[in-house]
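Across the two complexes that follow, chain A remains constant while its partner is chain B and subsequently chain C.
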Partner chain A sequence: MVGRDRVGLGWRPELAAGILANLDRIDLVEVIADDYVGAGRRALRALRTLGIQVPLVLHGVSLGLASAAPVDGRRLDALARVVGAVEPQAWSEHPAFMRGGGLELGHLAAPPRRAATLDGLVANVARAWAIAGSAPALENVATLIDPPGSDCDEPAWLADAIAFTGAELLLDLHNLYANAVNFGFDARAALARLPLSRVRFVHLAGGAWIGAHDGERRRLDDHRHDVPPSVFRLLTDLAARAPHPLTVILERDGDYPTIEHLLAELDRARDALAVGRARAAA
Partner chain B sequence: MRNPLDLPGPDFLVFYALFALVALGLLYVARAAGESGPPPRIDTGDPYLIAYLRGGKHEALRVATIALVDRGLLLVDEKTRTVVALAQFTKPQHPIEQVLMRHFEQSHLATTVFGNDELTAACAEYERRLAALGLVPDDARRSTRRRLLAGALVVLIGLSVAKIAVAFARGRSNVLFLFVLTAVAAMVAGAVTTPRLTSRGRALLADLRRLFARLRVRAPSMNRGGASADIALLAAVFGLAALPWPAFAYARSLYPKAGSSSVSAGWSSCGLSGGSSSCGASSSCGGGGSGCGGCGGGGGGD
Partner chain C sequence: MSAALEAYLARLYLDTDARRAFTADPRAAASRAGLQPADIAALERIDRVGLELTARSLQAKHLSHSRRRWFPRLLARWRRP
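Coming up: the complex of A and B.
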């Protein structure tokens, strides 16, 4: 394996001081690209300056690539402008359904896992690739409801999505874990069915248990809690199987703990990776 | 085309003012173009380097003192404006901190740090590092600036002297306005060619202010002794004036003249430099429904 695993943190302005004061323990940052859509020259220059201080990747959250309708051209152009200005090491988006018929869902909905959505995703990724100059890595999304109209399960659909788009998979392990506990499948078995040779980027996050209408509980991917042990175990499994160096990014979007707490979570991720790599080498 | 030196006095003054504006504009562009470039990688873990970039030696020493007070290593007596070390310093994060702790082994006025030779030497290291990065002028850059200034002065004063000579040759002696205008133009030329920072340094400082803008917004919620990295960087990037009141009132007590050293360090400074990214954002949850934090809305998450 050429290269080494990296562990970084999602860039949030609230964490800026802590991140920049601890770059010796943070290998890279992931910036929400949509924060800079429509931003002026100076804001983009500042972001570029950040990218000089620390390796930087961009993460999009609004394209809604998994739709039968073409992704909005203006939205895509604006995102491509950010990508072009910042020249990140990589950028990513979600194979999610976000809008249709003039309505905005307001969140990243898991699309129906069927051929039609896959065709739309392939077309949209190709368009994004052409306009931005590089393909986005595609991140699996968490969901509280099993997408209606689906004719295959998530690992199979993701494998097809990655194969047909030519994109890489940004594997969000908490999303995988949440979907597994919400819909009763084995996350580790699902992980094994994913195209792990196409995984270079990984998201870690935390979530919370909430009650559902059926009286069951569901796992909500809220990014406001610590990464659960189960997700670190999935990271170890992934590191044992993935042939490429992994770039692991911890996402936190609220209820911010101290930077030392987040750095400790990064250390746990490093430990989990090391255990997985050692298992692979054994 | 009429020889400008033949213009009547008032007309020549207008001509000279326009000529000086153009010359000064070109001088600015020539100076800035030679000093610009992509931002360098700096040690963002050293807040005193950033403070030095913003305001020089005095700002670095002010920020370092306040950071050590905030970490509980220095004790402040606000009445006497003195500071004394509280503990042995076994693990300095930066060399300047060790020198500061030695300085305050005995109780001293906070402002005595400015006259300490050892601290001056420690700060000189920051100057050297910033010059090596092209953020403040090094010897070569200062030499270039001097040449640019000399050229500008030759043009500005030369034209003025030529007109005065013509005026005297024609029996006129009312050259006071031209003399004043020339002096003003020369002073502006001096200011244009001697900023403390290079264009690259100014751009980097502006970028840092933008990246840390949210830190300033949430400054009021910061507590004394609560988050040293935040406090030190807040003061380094925005000046002691950005520290929350009244938790850091002692900073004003220690360094009441902080405002005179630089505009951005002033106690009266206000407003964000550059603003921050939109609130909505900074969440990887997407969509308009999630607001500023968290991904819970609707069940989708990334």
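Coming up: the complex of A and C.
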């Protein structure tokens, strides 16, 4: 394997000072690209400067690539402007839909997992690739609802999405875990069925259980809690199987703990990676 | 996914009245939306717990976004000549 695994943190204004004070313990940062859509030259220059100090990747959260509708041209142009100005090491988006019939969901929704959805995704990724100059890595999404109209399971659909788009898979292990516990499948078995040779980026996060009126509980990927042990175990499994160096990013979007607490989570991720790599080498 | 199904799912997730009508009679509500028979059949088997929790989660996110945006809106109004 050429290169080494890296572990970094999602860049958030609330964490900025702590990140900058600890760059010796943070291999890279991931910036939400949409926060810079419409930003002026000065803000983009500042972001580019940050990318000189620490390796930087961009993460998009609003294109809605898994849609029958062509991705919004203005939205895509604006995102491509950020990618062009910042020149990140990579950028990513989601195979999800965000809007329909003039309504904005305001969050990622899992599309029906079927062939027809793949057609829209393939066309939209090709468009994004052409306009941004590079393909986005595609991140698997968490869902509270078993997507209506699906005719295949998540690993099969994701494998096809990666094969047909030519994109890489940004594997969010908490999303995989949440879907597994919500819909009763084995996350480790699902992981083994994913195209792991196409995984170079990984997300870690935490979540919480929420209850429906009938008492049934599901796991919400809220990025406001610590990474659960099961997700670190999935990271070890992934490191044991993935042939390429992995870049692991911890996402935190609220109820911010101290930077020391987050750095300890990064260390746990490094330990999980090391155990997996050792298992692969044995 | 068809554009019609996307639009209908977005309505189901966001619109309480549409969701109530759908829950009462999924086939009739989905038929009125002009969906294909296969999509109507799929919606009749919808994961109802997931529908309730998705709607609640999206509503919470909308509230949180609108709370977060009050200051920029105020600023924009103040700056307007």
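Everything below uses one rule, namely that the second predicted complex is superposed on the first by the 280 of 282 C-alpha atoms of A that agree within 3 Å, B and C clash if a C-alpha of one lies under 4 Å from a C-alpha of the other, contacts with A are read in each partner's own complex, and residues count from 1 in each chain.
In this section, a contact is a pair of C-beta atoms (placed from the backbone, for glycine too) under 8 Å apart; a residue touches a chain by one contact, two chains touch by 3 or more.
Everything quoted here is computed from the prediction, not taken from an experiment.
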item: Which superposed partner A:18 touches (first chain B, second chain C, both, neither); value: first
item: Partner chain(s) touched by A:106 [first = chain B, second = chain C, both, neither]; value: both
item: Partner chain(s) touched by A:198 [first = chain B, second = chain C, both, neither]; value: neither
item: Which superposed partner A:277 touches (first chain B, second chain C, both, neither); value: neither
item: Contacts of A:145 with chain B and chain C, given as first, second, both or neither; value: both
item: Which superposed partner A:268 touches (first chain B, second chain C, both, neither); value: neither
item: First (chain B), second (chain C), both or neither touched by A:251; value: first
item: Comparison of chain B and chain C by chain A residues contacted; value: B
item: First (chain B), second (chain C), both or neither touched by A:216; value: second
item: Chain B and chain C contact sites that coincide on chain A, given as residue numbers; value: 105-107, 109, 143-145, 218, 220
item: Residues on chain B engaged by chain A in the complex (per definition of touch); value: 38-42, 44-45, 47, 203-204, 206-208, 210-215, 218, 227, 229-230, 232-234, 274, 276-278, 280-290, 292-302
item: Chain A partner contacts - residues on chain C that touch it in the complex; value: 1-3, 5-11, 13-15, 38-39, 42-43, 45-47, 49-54, 56-58, 61-62, 65
item: Touching residues on chain A, where the partner in the complex is chain B; value: 10-14, 16-18, 20-24, 30, 32, 34-36, 39, 42-43, 45-46, 48-50, 52-53, 59, 61-62, 94, 96, 98, 104-110, 139, 141-145, 172, 174-175, 178, 203, 205, 207-208, 218, 220-224, 251, 253-255, 258-259
item: Residues of chain A touching chain C in the complex; value: 66-69, 97, 99-103, 105-107, 109, 111-112, 114, 116-117, 120, 143-146, 148-150, 182, 210, 212-214, 216, 218, 220
